[in-house]
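Shared between the two complexes below is subunit A, which has subunit B as its partner in the first and subunit C in the second.
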Partner chain A sequence: MEFLFDNITALGALTAIALGFGALLGFAAVKFKVDGNPIVEQIDALLPQTQCGQCGHPGCRPYAEGLAEGEEINKCVPGGEDTIRALADLLGREFVPLDEEHGQTPETKMVAVIREAECIGCTKCIQACPMDAILGAAKQMHTVIADECTGCDLCVEPCPVDCIDMLPVPETLQTWHWDAPKGIGNRPGELIPVRNIA
Partner chain B sequence: MSRRIWDFHGGIHPPQNKKQSSETSIRRAGLPEQLIVPLQQHIGAPGKPCVAVGDRVRKGQMLARANGFVSLPVHAPTSGTVQAIEPRPIQHPSGMDALCVVITPDGEDTWIEHSGVSDYSALDKKEILHRIREAGIAGMGGAGFPSVVKLGVKPDQKIQTLILNAVECEPYITADDRLMRERADEIVQGLQIIGHLITPDEILIGIEDNKPHAIEAMNRATQETDIEVVVVPTKYPSGGEKQLIRMLTGKEVRSGGIPADVGVVCHNTGTAYAIKRAIMDGEPLISRITTLTGDYVADKGNYEVLLGTPVGWLLQQAGVKATDLHRLIMGGPMMGFAVHNMAVPVVKTTNCLLVPTLEEFPDPAAEQPCIRCGTCAQACPVNLLPQQLYWFAKTKEFDKAAHFNLADCIECGACSYVCPSNIPLVQYYRFAKGEIRTQQQEQAKADHARQRFEARQARLAREEEEKERKRQERAKAAAAKQAQKKAAPAEKPAPTAAITGGDDLAKLQTAAASTMKRYKEAQKALATAEKNGTDNLEALQKKVAQLKEKADQAKAAFTSAKSAQAEDAAPPAATKEDPLAALKQASADDFAAYKAAEQALQEAQANNGADTQALQQRVIELKAKSDASKAAMKAARARQKEEIQQQNAASDPVKAAKMEVAKQQVLLKKATKALQAAKDSDAGATDALQENVSAAEQALQAAEHALKKVEEEHA
Partner chain C sequence: MIQVEVAYALPEKQLIVPLSVKKGTTMYDAVVQSGIADKFAGLDVDAVPMGVFGKAERKPKERVLEEGERVELYRPLIADPKEVRKKRAAKKAAGEE
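== the complex of A and B ==
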């Protein structure tokens, strides 16, 4: 009899624990429910946000969503090799070189500049700009807010008078930094050899 | 003096080379033909010009105002005319231009009205700080951080130790050494002003033991005060702020922290001197002591130079004859940078100009592979792992470099100095630091771009929604009008295609734009290739053709999608063909033909025509035909009704069930009526009709039951 009683106590205790944890887990599942796929946010943070559409998606976030579902990581043209490496790191995939199908990464950052004398004020570029970085109104001259321009190129195509140029962003004292040394076998450019004097 | 001196990790002992310039007294450099005053001579935002081209300015007059908290004004070094305010080459390793005020001196050197206060303790501390800021004083040791920012102590912070950094550890430079020997009293007065501002427990002066004359002069000047002169052993870079704090107090400033965190404030000798001049003499910072040394310089020594003096002119004064210099270094040999333009001006941070000959500074040997000897790690005064940082910088693994505290590197050059493989380590670190900064800037820009893009998307969605709402309102209004006119009930347009199609359309549009762009690029490449006569023309041509096809396809897809969307958006009911209408028409036609034939028959009968037989036959035929078409029409109508009901059933089962009940009710009524009529006329077939009625009753009950069930399900 006592044996049976002991068993019932143990069973009861285990059941109580199971129920308790079940309730806790159920509560946690509701309380800490994650909306959406958090990996998309992380991927989106690595993309350069130019919204250029060269990957075939209408913007960076849609590509991030595509990547989360297993799309190739080598489609981001403005991000180039650095972005592919970062994505490979994050997603635990092998590095693959950029798919030339989508274009080539420009060497320098570009910014759109409107030749204002030639602008006819058609607003087509304004509608194309994913950044709202073009200022103007119908039949008024347009201009690019250079600080907001990501150099995505999307405004160049729609311009009926071809008055938009993509120019390299000029280097300023704020953006300048030292170049990498030329490497092994080369003379260092700026090394100052104090030791060579008496 | 039994003060304990701590040691810091690493450090090197390069040849001093100070004797060449330290043994002659400070000379005045004189007045050049032109003074170029950069608006940025300090860390922080450049000043804002407050004079115009053509203005006459007097010595000490403000040329540019401070533009923000971490910013400083600049002043006219002499009297004269503002010749230009334009970008000129400045003291920067990039060799780039920045905005400068160019002054042509008038030679009279007339001061602006100015006066100092000998009893500064009578002044409010805020007033003293204000005067120091307005005098444009930046740290004169090398970095040029606005001194006033370091002097403004937060109320909750207690500074235990004020240190005057008189170490001057870098080889060749003797500017502070000479200043201490000749103007020790003024330096001590300046230090006392700083002490008055931040009220520390103790004031120390740290001097390296290789400057015995300066130590003597400072000891003499501090005799009547509680300032203590502390002699530290010569070791580079003991003049680094954190290294000196470690040596004098034993405290470590944490990574990323500032000395004030551990209760210490450090100022340079030249800064203390400049503060004295600003407060007690009312003179802003318009000149500094600069060491001119190196074997190319005939008259080596220290010169009091007006800020803005071009280095080329200054070197001529010191007897540099050659115009083709081997190398011109601004700053010391360890931390300075090469200057390639003789028009660059002397600024607040220019403590030394070094012009070595080729024998003195031969060209460096070529870089060799790292042999992992670890000497650099032993020399690093910040306890970093230079070798690791080198690998990370070389392989561009900047996040790892940052993780290994690259930001704490003071770029002293000790590691490069000891490296047996001649690796320019500091250059690698400077490169990596710059890249990290660029990445941070880009990240900030990307985040900003994301915000803008999302805001735009939200705006577009809002506009679309608004449009949609208005469209629906318009449709509703039109329907109401139609109903008022008692016309056929207007069907609501269902413009859902516009919403679902929008996304695909945007995708197609970007695809079309990007393929078009790639096609154009390929075309350009082909054109250049043709010009240069490259041999892979064929491949390029092929590529262009392919891309053109693709671009055309993409464009076509986009246009067709667009037109399809436009069609979808149009009300679908308008163009829909109605089979019922055709049947109706046919039945009406048949009926008319039958009636006409009947009329013809009657007329023929009235006129006793011969062919009444034939006509009668025709009437019968036509009647049959008319009946048939009528029946067909009725059947079609019933089918349509049923279809609609089925559709409704799919969308709303409750409604369908209700309809079913209503239908059964109607059938039952019909059956009862037929039965009644049969009974009234005493026809024989009442039994069959009775059965019909009971069957209809049962069907109605079943339908009612189904309705109840469905309603319960959907409650």
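== the complex of A and C ==
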């Protein structure tokens, strides 16, 4: 009789523990639920946000989601080598050179320029521009805001009168800058080793 | 207060002025407050057509702005769209023959 009683006690205790932890887990699952994949945010922060679509996705965020699911890290043309290195660091993958299929990083920065004498004010380029870098409305002159233009050339194709040229940004005293140094510390996320000497 | 922008663009000089304005400010008021007319010679804020993000607005003095909107001041076209289209059609026809 006593043997049976012990068994029931043990069973009861185990059931109570199981239910207790079950409830705890259930509560935690609801309370600490994470919306979306947090790594996507981090990846998205490394992408250049030009929304140019050259990677085959409609924008940077969809590519970030693709990357989180294991897509190749070498599809971002505007980001170039620096972005690939930063992604490799973040995701713990090997560095791979830019996939030429998606385009080449132009050596010089390009900017779109509209030949005004031919613009018919159709707004097609404005709708194509991911950066809102073209100012204009229907039957009004369209003008590229050079500082906002990333040179992605998405506006060239939609223009029905072919009046948009991609021109290299002229190097003036205002636009000239030192090239980033090659070597250690020039990539995002890479720390410059510092040694303190007493 | 809400954040808006006022923008005007010439081929060689473009300007976007960020601005914080009171809620209920109209497009026209924002343009005046931005002082953009002082930066471009010959820009008359009373006559220039304006719009928000590529859409022209007929009555800029009545259109109330919302957070994040960009007021744009437009310039007229140089080409006559009909002429350009005619020319293109003629060119195409000539090319096909």
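What we mean here is this: the second predicted complex is superposed on the first by the 136 of 198 C-alpha atoms of A that agree within 3 Å, B and C clash if a C-alpha of one lies under 4 Å from a C-alpha of the other, contacts with A are read in each partner's own complex, and residues count from 1 in each chain.
Methods note: a contact is a pair of C-beta atoms (placed from the backbone, for glycine too) under 8 Å apart; a residue touches a chain by one contact, two chains touch by 3 or more.
A quick note: this is a predicted structure, and the numbers were derived from the prediction, not measured.
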Review point. In the superposed arrangement, which partner chain does A:Glu118 touch: subunit B (first), subunit C (second), both, or neither?
Key: second
Review point. Who does A:Ala137 touch here: subunit B (first), subunit C (second), both, or neither?
Key: second
Exercise for review: For A:Asp153, decide between first (touching subunit B), second (touching subunit C), both and neither.
Suggested key: first
Review point. First (subunit B), second (subunit C), both or neither: which does A:Val161 touch?
Key: second
Check your understanding: For subunit A, which side has the bigger count of touched residues, subunit B or subunit C?
Key -> B
Check your understanding: Which partner does A:Val34 contact after superposing on A: first (subunit B), second (subunit C), both, neither?
Key -> neither
Point to revise | subunit B/subunit C common contact set on subunit A | key: 132, 148
Review point. In their complex, what parts of subunit B are in touch with subunit A?
Key: 14-15, 17, 40, 92-94, 96, 98, 171, 329, 333-334, 336-338, 356, 360-369, 393-394, 413, 416-417, 422-424, 427-428, 430-431, 433-435, 437-438, 441-442, 445-450, 452-453, 455-457, 503, 506-507, 509-511, 513-514, 516-518, 521
**Study point:** Residues of subunit C that touch subunit A when the two form their complex
**Key:** 7-11, 14, 16, 49, 51, 53-56, 70, 72, 74-79, 81, 84-85, 88
Review point. What residues on subunit A touch subunit C, complex-wise?
Key: 113-114, 116-123, 126-127, 132, 134-141, 143-148, 161
**Study point:** Complex contacts: residues of subunit A adjacent to subunit B
**Key:** 44, 47-54, 56-60, 102-103, 128, 130-133, 148, 150, 153-154, 156-158, 171-173, 175-198
